Amino acid sequence: MQIDYQNIIEKAYRQTQPLKDPGKLADYIPELANVDPGQFGVHYTNLDGADFGMGDNQVRFSIQSIAKVLSLTLAYKMVGEKIWERIDVEPSGTKFDSLLLLEINNGIPRNPFINAGAMVVCDILVSHLINARMEFLDFVRDLSDLPDLAYSDTIADSEKAHGHRNVALCNFIKSLGNIQNKPAEVLDFYFDMCSLEMNCRELSRTFSFLANGGVKVSDQKEIISTNMSKRINALMLTCGFYDESGEFAFKVGLPGKSGVGGGIVALYPRHFTIAAWSPRLNPKGNSFKGMKFLEEFTNHSELTIF
Amino acid sequence: MQIDYQNIIEKAYRQTQPLKDPGKLADYIPELANVDPGQFGVHYTNLDGADFGMGDNQVRFSIQSIAKVLSLTLAYKMVGEKIWERIDVEPSGTKFDSLLLLEINNGIPRNPFINAGAMVVCDILVSHLINARMEFLDFVRDLSDLPDLAYSDTIADSEKAHGHRNVALCNFIKSLGNIQNKPAEVLDFYFDMCSLEMNCRELSRTFSFLANGGVKVSDQKEIISTNMSKRINALMLTCGFYDESGEFAFKVGLPGKSGVGGGIVALYPRHFTIAAWSPRLNPKGNSFKGMKFLEEFTNHSELTIF
Amino acid sequence: MQIDYQNIIEKAYRQTQPLKDPGKLADYIPELANVDPGQFGVHYTNLDGADFGMGDNQVRFSIQSIAKVLSLTLAYKMVGEKIWERIDVEPSGTKFDSLLLLEINNGIPRNPFINAGAMVVCDILVSHLINARMEFLDFVRDLSDLPDLAYSDTIADSEKAHGHRNVALCNFIKSLGNIQNKPAEVLDFYFDMCSLEMNCRELSRTFSFLANGGVKVSDQKEIISTNMSKRINALMLTCGFYDESGEFAFKVGLPGKSGVGGGIVALYPRHFTIAAWSPRLNPKGNSFKGMKFLEEFTNHSELTIF
Amino acid sequence: MQIDYQNIIEKAYRQTQPLKDPGKLADYIPELANVDPGQFGVHYTNLDGADFGMGDNQVRFSIQSIAKVLSLTLAYKMVGEKIWERIDVEPSGTKFDSLLLLEINNGIPRNPFINAGAMVVCDILVSHLINARMEFLDFVRDLSDLPDLAYSDTIADSEKAHGHRNVALCNFIKSLGNIQNKPAEVLDFYFDMCSLEMNCRELSRTFSFLANGGVKVSDQKEIISTNMSKRINALMLTCGFYDESGEFAFKVGLPGKSGVGGGIVALYPRHFTIAAWSPRLNPKGNSFKGMKFLEEFTNHSELTIF
């Protein structure tokens, strides 16, 4: 495809930037509530090396749930298809049915991106690694070519202090038999994992391996097989945006993942990744401007997997 | 793409054909329960005109829920984006939450492919057409270049006699204010619509317009806009296979739609459509062999949107 | 017990009468929405023959769900304990779980007083009687010594025209196998049954047999056994007031049943029955003043079964 | 009432004793799983001082949830009617809706006898007492005239080690804002409370105050007001037997409370209390023989509140 991405991104950014933003900052921990809410950055990374960003694309933010794709990648790489004996691959419907479904399904979460599923992934990593906290960090550092990448202890500690609902969830799965380690240990790692910080450029580069058939672009190292990569992309498409996953597939038409810190990363297989960040969230918990920008981007480019 | 589709399809068919089929026929009406269960046909239609089928690809069967894509297409074409004020675009989770969600959401179904959503689509067509039954049939006849296509009155009558659950659903939505016509009238049309019969070749050809950006292939007539076509594809990917939609995206990686008659149609945007039919259903209500065949097809071809 | 009931009732009535009534008329059919909302009557009937009423105690109103106790009585009398194979005896929790529970329990309603349960009772009567409509009316006429008692066709017709939710419910149970007759036939009888009209005096007298061990007071005829009578009283206590049954047991402490027409009947086994009527309903669907009056009555008399 | 209780109890005991018991021991902790399953005791205590027991009526067992009536009594006594701002008084329907309802109701449990409600009661006691563990024990020692009554540390520790579901529940309510202390502290007290051990005689005597209008029988000390006592009795009737509360009201017709250790206590206001114990539980979690015995007792005595 010969497409002037830079032009399309500039246009989409300029259309989105001045929009009145009715979104609200995540406020369950002070570290997220105190972020400067007007920030907005986007970054595009083509597999052929082209790279282009705008706005606050180099300001780091808490990637939160976006990290769940990376922990899934590592666990899937280590365990293989057997991982799906402990986690399903279906969209989750709504929060209303999640606990009921966990009970009916013997503690098998609907997919690896809802909190329950991400906790089971963490449990798998805690079981298979000697030091999950350090080894997962090393994995992401290598994947992102960012040797100084770090957890935010401030954020992780704050989550731990306020995370009663996650404590509830992890103990509930434990009671159903699908957490093998101590809940407290799994939760510690879970909160650390979600505290990673990246900027849009780093995020779009880090996710390039999923647009590239599982192969890291900078050094052509196979992280996971093409088949695994396709499956993770499918999961992002059907389950990546909480209760707005269908809407994102419908309006943007790319696999992607959002986080409560206001970040979104999306990708077009075999072509590019694109990241957007703006901290105000819409009522479904996804970045208001991030969603709008990607919708504009798709409208102008007509680049969707559909 | 220069790919030997014929070879891939033959291989996938031969691998699937001898599998022991643990599936069960739909048995809620005698017309479906009495189908010869061993039948198995597949048909591939490329946008460039190439066409290839195997097995019982010319035996007509009841397409059932697959027709919901066609009624949605007609209603979407007539009403435009306003249709989404009455139907949402999210995967439905499980049956357990559907009635609860309808109530919480004031009768707005989660998506147009669950029964509740398809009924609202029917209600829209009943409101906007003088004779929904005839005009919808004309629309599908034109779309499929099959002037003799017909409803099966036997099947429709049988559904009407056994459809207490659908009568319940339609009246429930009526009570919530999202059915405008008389439930009995909407249900009559709904059962007619689901009684259409096609064979695999007809089915794959009929759906080609969705692989072709909304344009009918045989005469290049625009049925719906490219954007609308993409959105219907996105809906098929996230919601096309009941509670197995995630699994189909995960394992096959193509937008598609199944029916309780054992038919499945899937498509690769800008390239091809493929239909499979075998009447025995897996526990999730999708054709056992149809699913297996498409999985094999994808494994060999590596052709997925991810 | 030597208690000055007249004095207690007068006091409770005078305290309740001037209360500002925040309640709302049932408005789903015009016949209920157009009732004079300020009416308020109470009537007390002692088993020893003492009888005392105040206010609008001789104005007839639509007894609605209160009639479900009478249809249960007739069906229980005819079928015996086998009736509980088709209906459970547990409080229903909330409306949110009712349809889910019906499905899980193969169409067995939680109790005979929720709509689902009352429909199964009607189905039983339709099966066991030649003309359920007439024979049930004869039964109530005899029980109440009111040979002119009649269904309100106006109300029944209005319910039939607006009862989409009940149509939904009856067809849903039919699909689960626990309605044996045609849903339309069962619904017709159900709506007739709920259209009975009585005044407070008639209501309290009619229910005296349940305070009298199943024996009609006026002619000492055994309607049902003492054991059956106790069991119906237990059901009224645990399930008689929709999602406010616990509250009524807690604050009033007597078995009773309310209807959406604003009527309530309660009873103290071996002693008396008491009826109250005022058409404005609290948010849980029970008469605001009726509930308050009975609470005051209990506070003054200290007569509760606890 | 001049009734030969001793004779009735003997008859009911003899009829129940030889029944083949299909029940199962609670097996989630070894302390309950290892109890001798054949034990069966009953004890009757009349307010006039008559006292009569049979079988293993002097063997102590873990009273478990029965203790929730005692912690409620103490909290209700201390806080008064304001307690109902934090706990509702409605039957809970089934386990399926409990977490959903907690969320919808902002963490307000349906009643004080489901685990969620008992935890909020514990939280209230932890807030209002300097040392809830010791002061609650003192309260029960005084109420039961058993100065040596003690918690079973073995059982409490075992519950703590296996209680992931209760940890989940307490943290969930905390996240909804209806637990004020640290979940771990509330849970410690909750598990201690449930570890109390009594025999049937002690249990029936301890609960006599609820049959006696809130006044302790041995020394005529008012524990709570008559009105409070009536309300706790009403709660036991509507909510005392998990998802079998309606059945118990229906078949036995007395307020009561069961525990997973196989104990049941029931009472007839103004007359007597009766306790039964047999460790095998029916599928609803209530003592199989305990339920049967009380049913026989009621059948012979015809003593029910209905």
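Here are some notes:
Residue numbering begins at 1 within each chain, and the chains themselves are lettered A, B, C and D in the order written.
To be clear about the criterion, a contact is a pair of C-beta atoms (placed from the backbone, for glycine too) under 8 Å apart; a residue touches a chain by one contact, two chains touch by 3 or more.
Worth saying up front: this structure is predicted, and the values here are computed from it rather than measured.
Shared contacts of chain B and chain C, meaning chains that touch the two of them, come down to nothing at all. Mean C-alpha position of chain A lies 47 Å from that of chain D. Between the CA-based centres of chain C and chain D the separation comes to 32 Å, rounded to the whole angstrom. Our note on geometry: chain A versus chain C, Cα centroid distance of 55 Å, whole angstroms.
Counting partner chains per residue, chain A shows two or more touched chains at residues 96, 100. Listed by chain label, the pairs that touch are A-B, A-D, B-C, C-D.
Within the complex formed with chain C, the residues of chain D that make contact are 88-94, 96-97, 100-101, 104, 110-111, 226, 229-231, 233-235, 237-239, 243-247, 249-251, 253, 255, 269, 302, 304-306.
The residues of chain B lying in touch with chain C in their complex are 96, 99-100, 103, 164-165, 167-172, 174-175, 183.
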